[in-house]
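Going by the order they are written in, the chains are A, B, C and D; count residues from 1 in each one.
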Amino acid sequence: MRHHLILRVVTKLLIGVIMLFALYVQFHGDYSPGGGFQAGVIMSVAFIIYSVVFSLADAQKVLPPWFVHKLMAVGLLLYALTGVYSMFAGYNYLDYDAINPEHPVSGQHNGIILIELGVGITVTAVMVTIFYAFASRTPPMDDEAW
Amino acid sequence: MLDALPTAFLFFLAALILPILPRGPLRSLLVLIVPVVAGLAVYALPMGNLVQAEFFGFTLDLMRVDPLSRVFALLFCIAAFLGGLFAWHLRDTVQQVAMLLYVGAAIGAVFAGDLVTLFFYWEGTAISSVFLIWARRSEASYFSGMRYLTIQIGSGVMLLAGIILHYSATGSIAFDAMTLDSPASWLIFIAFGIKAAFILLNNWMIDAYPSATVTGTVILSAFTTKLAIYALARGFAGTELLIYIGAATAVYPLIWAQLENDLRRVVAYALNLQQGFMFVGIGIGTELALNGAIAHAFVGVLYGMLLFMTLGAVMYRTGTSRATDLGGIYKTMPLTALFCLVGAASISAFPLFAGFVSKSLIISAAAKGSHYVVWGCLLLASAGGFLVCGLKVPFFAFFSKDGSLRPREAPGHMLLVMGLTAVLCVLAGTNPTALYALLPYDVSYQPYSTGHIITQLQLLLFSALAFALLLPTRLYPRPNPTVNLDFDWVYRRLLLGAIGLLAIPVRGFFRALDRFKAGPLKALIRTLYNTYGPMARTSQFWPTGAMVLWIAILLGVTLLVSYAS
Amino acid sequence: MATETVVHTALTLTDQLPALQIVVPFVAAPLIVLLGGRRWAWPIAFAASLASLVIAALLLASVLDGSIISYHMGGWAPPVGIEYRVDAANAFVLLLVSAISTVVLPYARTSIAREVSERHHALFYTAYLLCFSGLMGVAITGDAFNVFVFLEISSLSTYVLIAQGAERDRRALTASYDYLIMGTIGATFFVIGIGFLYMATGTLNLADLADRIADKGDSRTIRAAFAFIVVGIGLKVAMYPVHRWLPNAYTYAPSAITAFLAATATKVAVYVLLRFVFSVFQPAFIFEVHTLEFIILPFALVAMFACSFVAVFQSDFKMMLAFSSVAQIGYILLGISFLNETGVTAAVIHLFNHGITKAALFMAVGAYVYSAGGSFYDTMQGLGRRMPLTSAAVVIAGLSLIGVPGTAGFISKWVLVQGALEKGWWPVAILIVGSSLLAVIYIWRVIEVLYLQPTPEDSRVREVPMSMLVPIWIMTLACIWFGLNTDMTMSAAQAAARGLLAGSAGMMGQ
Amino acid sequence: MDNRTPDNADTYPALGRAFLWLDRPGGAKAVRYTLFILCALLIVADFVFYKKGYLPIEEFPIFYALFGFFSCAALLICSVVMRVILERPRDYYAPTDGALEPSPQEQAAKVDHHA
């Protein structure tokens, strides 16, 4: 899509905004509608648009597939290990009180943020992986042929 | 230290180690040392139930040590030592391992305090000992071994059936005295009886002993039947039926022993006859009689082994033990001949020899109980036994006509062990108090009274007189190289014939089945194949849609049923 | 939410066991991806499985006395929060699954190395661990929706695992795809059923559900829920006529996976079925009785015969065993449909015994695939002499499959026949014995191929390595052990059956 | 091949030579006469010594001697008669029966048993 100049410019402008919005949704998850799942999808949209407009190869330069794989695992581990931490602290699995036993409410907040971050990372990575998986199949025709 | 381990395991352990050792004297030494260690251990064992194990909810007594079991275990250790020494020249792993396992199983069975353990060792003796027969590695010994195994396993199966019935009736698996009042005890009784070689159940013994190897026969003769004697003494002491069975068993083999050509078979018959004496002793069941039976078993092992050893030595040197092929070899095997005479004197209960002190116990007990017929039978068996084993065996093996055989004297270790056994026989005969001291009950019995010695000598020497007078005439059945029909004819011929008759309807049935197979059955299989075979709808790949359709149908039906009800 | 500091007593490791049961394999899965190396994949998977086994054993030991462990996720008390609930019935299943997994994994290492290309190994073991933790989760959780979630985790990873067989046979892809469609429909039905239940009762906690259904009694919604749940889980169980995904899936999956799935996946599904049929719904409901008698019972009987016949005519050992699995599931469902204690005991015990038997057999199939390159009868000709240990295991496990006395299979069939007679359904008892005869035929065919046919002259087949033989023989010996020593299995199965038949009381435990 | 060594009495063991008188003419006769004498002595002894019996029949003079002689004679004669009924050829049961193993005379080149 090298010749779609407008698209390329607009995309460049939009990607930052999309990412910012994703982060907003991510970190307001504990107060308002939103959270890791939605944020992860939005975040992945940024990468997907980039690869649609610029090219899969460029996108994979930014976010190599092996890295995405690791991200999936990291997100999941973040979630799970938060729970494990509370177990070590002597609470039930995923009992966020453990994060700040003096002040359970703040513990709950922090716990949810951690969890949601894990979810967000994983969802982003999974969405991007699915896109990569479909997109990296041999293209039926190249851009110039449109 | 050794009382924590069941004595039988010593032998099993040795059987495990033996194949690792290099082939040669080291192995023979192991076979020799184990019985010594075991014997010392048994001698030192305290009384009581020493080792127990849990097995499927049963508590098994692996080591019941009491005077009765100890004397038999001791006897088996001695027999294993003698047999091991006799087999010193052996370089056959199979036989050596089988020997150790067999002895171990026999000792284990003696110490078994409950029926389940007894059963395992019972079968163990059967399975391990058959290899001593097969080790001859001839076709005849293979079939003989198969017959032996079938009968022995049959005994085990009956024992098992009896145990199961006994357990379901009483809830106990303890091996104690029983009475013949239920199918369970009858089954156990017959199982014991097969191993003990009751009359008409005895042919396995005659068949198997001479079929085994030179060394195998010696070992075989010592354990299986004596183990059964132990079992009978433990379980059925005082059973009156045993007296009559014993009397019959003692008399029955006489004629066949007279006719038999193979001297090892003759000895087997003679040993079988001695079993009869023991049955009588057990059947009478008084302390005197029981002691007699056990003492007789004890010395029976000694002279039985001695006789088989001498004949084994002859066979080792000449390759045969048939009366028609032997004769005159006392010239070159004089020591063997001498030992054979000692054995013959022992089995015939000559005064000063082993049999005298034990046999007189039993006959006295029979006479005391005024069992007239039984007493007569035993007397007849004594006289006839002397005729076959005391006279016929040494005479035809070593003296008789002079053949062309000039074998060398038996090897050194055989002479040593035969001498040792002969000395034991004489010691037991001259020193009865030492023998009686081993027995479970206290006896005050003096075999050496003048009257007793005279009557016994009368009996024996006048039998010899009959032999001497009739031998040159045609009234003496000289050995012929033939086969004599015995009870085993029933299962080796009659039963086979019966099976042949049975085969006719069976064949008819299968013919009909064939016709059925060709017709309707084939059609049925074809239909089944068309429905279920690889090309049929049921086993082919179903399209996803079809599967989903089935789901929908199933859901619909389920909903319908649950709504309708 | 608490606004003041709550006094909190710290939990000990023992209290955390129910959570650890799932968390350990579940954390291990992404860990493999993160570390990425092929070298680490197997040790991590094995360590996780072993740890699960230890935990399951500890759990079973602590609930054998009939007590119940309840673990509150995130500190939220049930019925609002998610509850993990361990009693004798599911501790038994947990132990079975983790034990099979721990035995299969060493086998898998060798077998998978040959059947799956190396670059997929890390992800393979990840999927395996996810499947494993999903199955464990289904068994341990006390929350209906959580059951669905774990069921999906295990199912999705199973689809992946089955597709791994594609390197040996491309048909694995279609098999996996079929299973995906069927499994998804099943899961959907199941979740619809749960939705109905939620509609009718307003709760998702299984124990709470049972209580409320008992209070409320019969209603249309509950009947619909029952139908959907039975059909949904029935799909997972591979109930006849919706069993068709199973033979292909088992046949084309990698050997180790087949062994693992055959011994665990359908068994866990049976456990869920038992839980819902007997604990959540009241066995006294007439619609339930009718459903069991008019639908499950006849289909179970049909499965026993139809699939055994198909098995008889198969020419692929693995496919034969797969069909035999469907037939054997027929026995389990039959036991359930008796609706008496003996029948349920038979179902539970057959669940276990068939699990170990099939694990042994499928692992043996894998051994033939490993050594001879295939599981068709014509590649296995005369291998009884070339691979004596594997073939001996096949014979013993085959006898157990037939139900010869002295093997595990006999025990379950014996109890099953007793259940039928107790009910007075002697024709069913005869049918049970009759279908066992079909098992004789198809096992005999294998034995004939292995022992009575000549080995090809140029055959270079050798016995498989110890790492495969030892697991095979562990399972084979287990077949004999549990055939002779029935104390443990029978008492556990009876305890489970009694607990299940006690209805909601079984769930609440008091 | 010890079986076939030339028959030379000097090669026999000493003990074997000591018994050789048995083979000489009269050797057997000597044994037989010894037996007769012993039997006669025993009959005498029967009346001389006291013997204790449990059964009345034992009190009968030389009961044991009579019993021994007549029962054995009867037994032997009985066997001769029974042989007519019982005797069968060697290969009655099977062509490979134990009774058929070759005897040393039948095997010209007998294998060495000391091997």
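The criterion applied here is as follows: a contact is a pair of C-beta atoms (placed from the backbone, for glycine too) under 8 Å apart; a residue touches a chain by one contact, two chains touch by 3 or more.
What you see is a predicted model; the values in this text were computed from it and never measured.
Visitor: With respect to inter-chain C-beta contacts, which pair, B-D or B-C, contains the greater number?
Guide: Looking at contacts between chains, B-D has the larger number.
Visitor: Could you please state the distance in Å, as a whole number, between where the Cα atoms of chain A are centred and where those of chain B are centred?
Guide: 84
Visitor: Between chain B and chain D, what is the separation of their C-alpha centroids in Å?
Guide: 27
Visitor: Determine the centre-to-centre distance between chain B and chain C, using the mean Cα coordinates as centres, and give it in whole Å.
Guide: For chain B versus chain C, the centre distance works out to 52 Å.
Visitor: Mind checking the centre-to-centre distance between chain C and chain D? Centres are C-alpha means, answer in whole Å.
Guide: Here chain C and chain D have centroids separated by 78 Å.
Visitor: Enumerate the residues of chain A that touch no fewer than two other chains.
Guide: Within chain A, no residue contacts more than one other chain.
Visitor: Taking the touch definition from the header, please name the shape of the chain graph: line, ring, star, complete or other.
Guide: line
Visitor: Can you list every touching chain pair?
Guide: According to the stated criterion, the contacting chain pairs are A-C, B-C, B-D.
Visitor: Spell out the residues on chain C that touch chain B in their complex, using ranges where they run on.
Guide: Interface residues on chain C, with respect to chain B: 174, 177-178, 181-182, 185-186, 189, 220, 223-224, 226-228, 230-231, 234-235, 239, 241-242, 244-245, 247-248, 286-291, 294-295, 306, 309-310, 312-315, 323, 484-485, 487.
Visitor: Name, in rising order, each residue of chain D that touches chain B in their complex.
Guide: Checking each residue of chain D against chain B gives 2-5, 7, 9, 11-13, 15-20, 22-23, 32, 35-36, 38-39, 42-43, 45-46, 49-55, 58, 62-73, 75-80, 82-83, 85-90, 92-94, 96-101, 103-105, 107, 110, 113-114.
Visitor: In their complex, what parts of chain A are in touch with chain C?
Guide: 66, 69-70, 72-74, 76-77, 80-81, 83-84, 87, 89-97, 101-105, 108
Visitor: Going by the contact rule set out above, which residues of chain B touch chain C in the complex?
Guide: Going through chain B, the ones touching chain C are 56-57, 528-529, 531-534, 536, 538-539, 541-542, 544, 546-548, 550-551, 553-555, 557-559, 561-565.
Visitor: Chain A touches which residues of chain C in the complex?
Guide: Going by the criterion above, the answer is residues 1-3, 5-6, 8-11, 16, 19-20, 23, 26-27, 29-31, 33-34, 36, 71-75.
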